[in-house]
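Okay, so subunit A shows up in both of these, paired with subunit B first and subunit C after.
Right after this comes the complex of A and B.
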């Protein structure tokens, strides 16, 4: 019998997977095409579906190639602490699944999750008619199943949460699509993935209400020139309008199936 | 000079359409077509005209344009435009029959979850107290948990609603009160329509109570005929004991529950007729098999065909 005090290795040994250093990967080929064949201003194709979580009042799932996010909306329901407020409360919580990133995420709430929750709250609040829901709370729970670029994850989470809120039948002014961009070597990479994000000098996340033509939230980090920023904002609003049509389709699908 | 008199003619573009209440539609035909089964999403323009009235699920922007604020079907009653969303929370109307669950016992009142934005309140003075008709006493106040405690299910009527979306209930009739001997399920509130009665006894020997808030109670019929004056019966309506339920009755309850689930999954309205049609269609399957997707589809199709016939 083997020595039980020692940790036995597995019977079959497998060579470790060596990741290529992101600095060595070429981001653009000679035709200005990115690694997965899209142009600089192209976003990844989106899959969006509502109503996956049956016990939630509204829910949505979004997938941008590797990025996968689910969102559940509960409410409007009674606020637990009976402090009077004439407006409804919005409560956002985002969670990275332990297996979502290249490195394991511990299951407890860390500072990045708190920050992202706050950002999503800020992006969504202008669109939701909380003035119609006194003493009520809306809870939004977002789980990131796979993370392929944090900025694009934040943008996808906002898009997904907005669709889930609409799916719950909560009154809102407009849907809020969001889009991200990265600045790499003075060029704008729309909807960058994890490898591109490692090389960026700065990033921009924009949330936009297309039918009202209003920006609800804008987040820029890093170093960038002014004209590049204004160009990025323009490109992001364009992409948001494209995402908006996908959001509408996903919302109308169950209604049209009903008929 | 030739003078000609023509017969008066009604303007050709206006077509008289009467709705259920006998109201005449005043819109032009082309205008009306704009509204017929139109589905919208939040932020979408419904109408640019200022003549319309703003209903639920819509809002006006600064240009007085009507925009949708929920995703759903546009409905219009003369000049009032509303958007009805596919799934939403229940909003209480006076006189509605609802099923609820006690969430909290507080000072002289219970809080009841009725699938609404806010919990409803059931005042101690709004329930049927045991014994002959009398005022509530302090003794009643101290033993409120004897009537309803947390987690109890009850059927009640909405007595009034408040500005914040909450409502108050009453159970002053013997029709209402605590629910026993059965099974509880939830369906989308839009599937339950207002009817004369929401208490149904099906042919299969099962009682169904359809709450307008989408909560449904399927139970064994009570063997006791209640009398308002009897002291014993008043004690009995707050009892927590289930009556003995035989195997056949349990199976029938489970079958009806699964049938209602099948109807709600295929988004069909839930009434006593649809339930009994679905029940008859389900007899080819075992109770467990009704939950499968294929059988749900089959049951829904058969029910639809019988409804059309």
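Right after this comes the complex of A and C.
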């Protein structure tokens, strides 16, 4: 008899091959404008809101046109493992919704999700005062509802998680905005979407603490000249400063509304 | 995880040593340990290599090539058209429990996954160096899949750099069989070893240089204790032409903006020098292997 407790669908899913697309996608028009009217160095407009999940100690939602991410922060709570630790534990878990990508993602945790969780952990730990929270654990759960470019998703998830941690009232050194960029034909496309990302020769994700001027995470792939990398880092830190002000606004807004 | 502890006095000793440009083993900040390299140890594999850092890390890599089907994910026609003409690289890194107590049981899961994803990302993109189009047998249908499996046998710090070095050496050692496509699209594999070819572009496979920020300075090729004293790690992947093929910060801690630029530059110049030295060693290794084949003298510890 078939096992009814498990999902009965086929083990692998394959997206249909689209045989003909009407015309070739132009990434840039003659005025160096991108498909959605942005300039090369423009990032997509951001909607950021805190405190949507009633049960969580802190939560945030971020939207960059198609990219949508929710984050809930639980804790600090007592660590369940009996071993003593002088510093607090940070536990990050990122999850793609099965319908978030062009191809269906099976609901179990895959290796990419594990890796992204690790990257977010590495990006956030420098900012959180874990030394003030011995024997405690903070849980950060992130769900990606819609993915429009994995690099920009990672950046948005870091931004969103950082706001959620602040919303939970956990002591931090600074907020951590993050920004992504794609290298396409030797040009830097800031905050690229899925279609641009598929044509990139490399990408950069950078998270940055603007008040401390410290980089908490950097991840670059692709074959790039050192000069171009430095330029992209420069542009990403600039964009991070812009995102930073949006993050502050989103944290202040609910307090102002209380008055 | 008994090995992950460091006492305050040890920490202080390391930080001051790094500040004075003199480390516990007598090296300066930017000195690498001696690398011992050996190729062609595993006869079941299409290519293999083993690298050791003196008194430290030991990595063994086996490369196997197998025929597989080309995976096409649809939706984007332009992207699918490029993918249909390419072979694939599949990477796996495993830290064996014999190397360290901390890799026992499920303790190695996280680090295995982190290293596997990192290596896979670097080698599968355009920066990987290998000419994937040469690995295609029938466009849209069949290709060679290059399985790269790295095994960490001993742990003395700086695993990632050594994994990349060993992979590069193993790819140099790899031979892909010749194929003949018959009329009914059956693929015939040549069994004449003389006809087997090296994968094109192995020389452009990048290596990684990991820089450890200790105190306000940075060092390369850290030992286990130095890694425990490290505030933040930055791995810079460099190829023979001096292009940056990847940058990743690993572990907690943050890096100042100015220091980041400095670290990238150091990583790049050290990486280029190291590649030159490794290439010399690989050439020598060819001669040694030819000699060994004559004498029937083979063994795992021949180079050590």
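As a working rule, the second predicted complex is superposed on the first by the 236 of 259 C-alpha atoms of A that agree within 3 Å, B and C clash if a C-alpha of one lies under 4 Å from a C-alpha of the other, contacts with A are read in each partner's own complex, and residues count from 1 in each chain.
What we mean here is this: contacts are C-beta pairs under 8 Å (C-beta built on N, C-alpha and C of every residue); 3 or more make two chains touch, one makes a residue touch a chain.
Being a predicted model, the structure only gives us computed values, none of them experimental.
Asks: Which term applies to subunit B and subunit C once both are placed on subunit A by superposition, clash or fit?
Replies: fit
Asks: Looking at the overlay, what does A:169 touch: subunit B (first), subunit C (second), both, or neither?
Replies: So A:169 only meets subunit B here.
Asks: Contact-wise, after the overlay, does A:133 reach subunit B, subunit C, both or neither (first, second, both, neither)?
Replies: first
Asks: Who does A:247 touch here: subunit B (first), subunit C (second), both, or neither?
Replies: In the superposition, A:247 touches subunit B alone.
Asks: After lining up the shared chain so the two structures overlap, which partner does A:212 touch, if you call subunit B first and subunit C second: first, second, both or neither?
Replies: Once the two structures are laid over each other on A, A:212 reaches both partners.
Asks: Which touches a greater number of subunit A residues, subunit B or subunit C?
Replies: Greater contact footprint in residues on subunit A: C.
Asks: I'd like to know which partner A:63 touches here: subunit B for first, subunit C for second, both or neither.
Replies: Neither partner.
Asks: With the two structures laid over each other on chain A, which partner does A:114 touch: subunit B (first), subunit C (second), both, or neither?
Replies: It touches subunit C, and subunit B stays clear.
Asks: Figure out whether A:202 sits in contact with subunit B (first) or subunit C (second), or with both, or with neither.
Replies: second
Asks: Who does A:226 touch here: subunit B (first), subunit C (second), both, or neither?
Replies: Touch status of A:226: second partner only.
Asks: Pick out the closest CA atoms of subunit B and subunit C after fitting on chain A and give their distance in Å.
Replies: Value for subunit B versus subunit C, nearest C-alpha atoms: 14 Å.
Asks: Does any part of subunit A touch subunit B in one structure and subunit C in the other, and if so which residues?
Replies: 127, 209, 212
Asks: In the complex formed with subunit B, which residues of subunit A make contact?
Replies: 57-58, 75-78, 127, 129, 133-136, 166-175, 209-212, 247-248, 251-252, 254-256, 258-259
Asks: Across the complex, what residues on subunit A touch subunit C?
Replies: Residues 14-21, 24-25, 102-103, 111-112, 114-115, 118, 121-122, 125-127, 195, 198-199, 201-202, 204, 209, 212-226, 229-230, 233, 237.
Asks: If we count contacts the way the header does, which residues on subunit B are in touch with subunit A in the complex?
Replies: Listed in rising order, the residues of subunit B that touch subunit A are 37, 39, 41-45, 57, 59, 61, 67, 69-73, 85-89, 117-119, 163-166, 267.
Asks: For subunit C, which residues are in contact with subunit A within the complex?
Replies: Those in contact with subunit A are residues 72-80, 110, 113-114, 116-117, 121-122, 125-127, 232, 234, 239, 242-257, 260-261, 264-265, 268.
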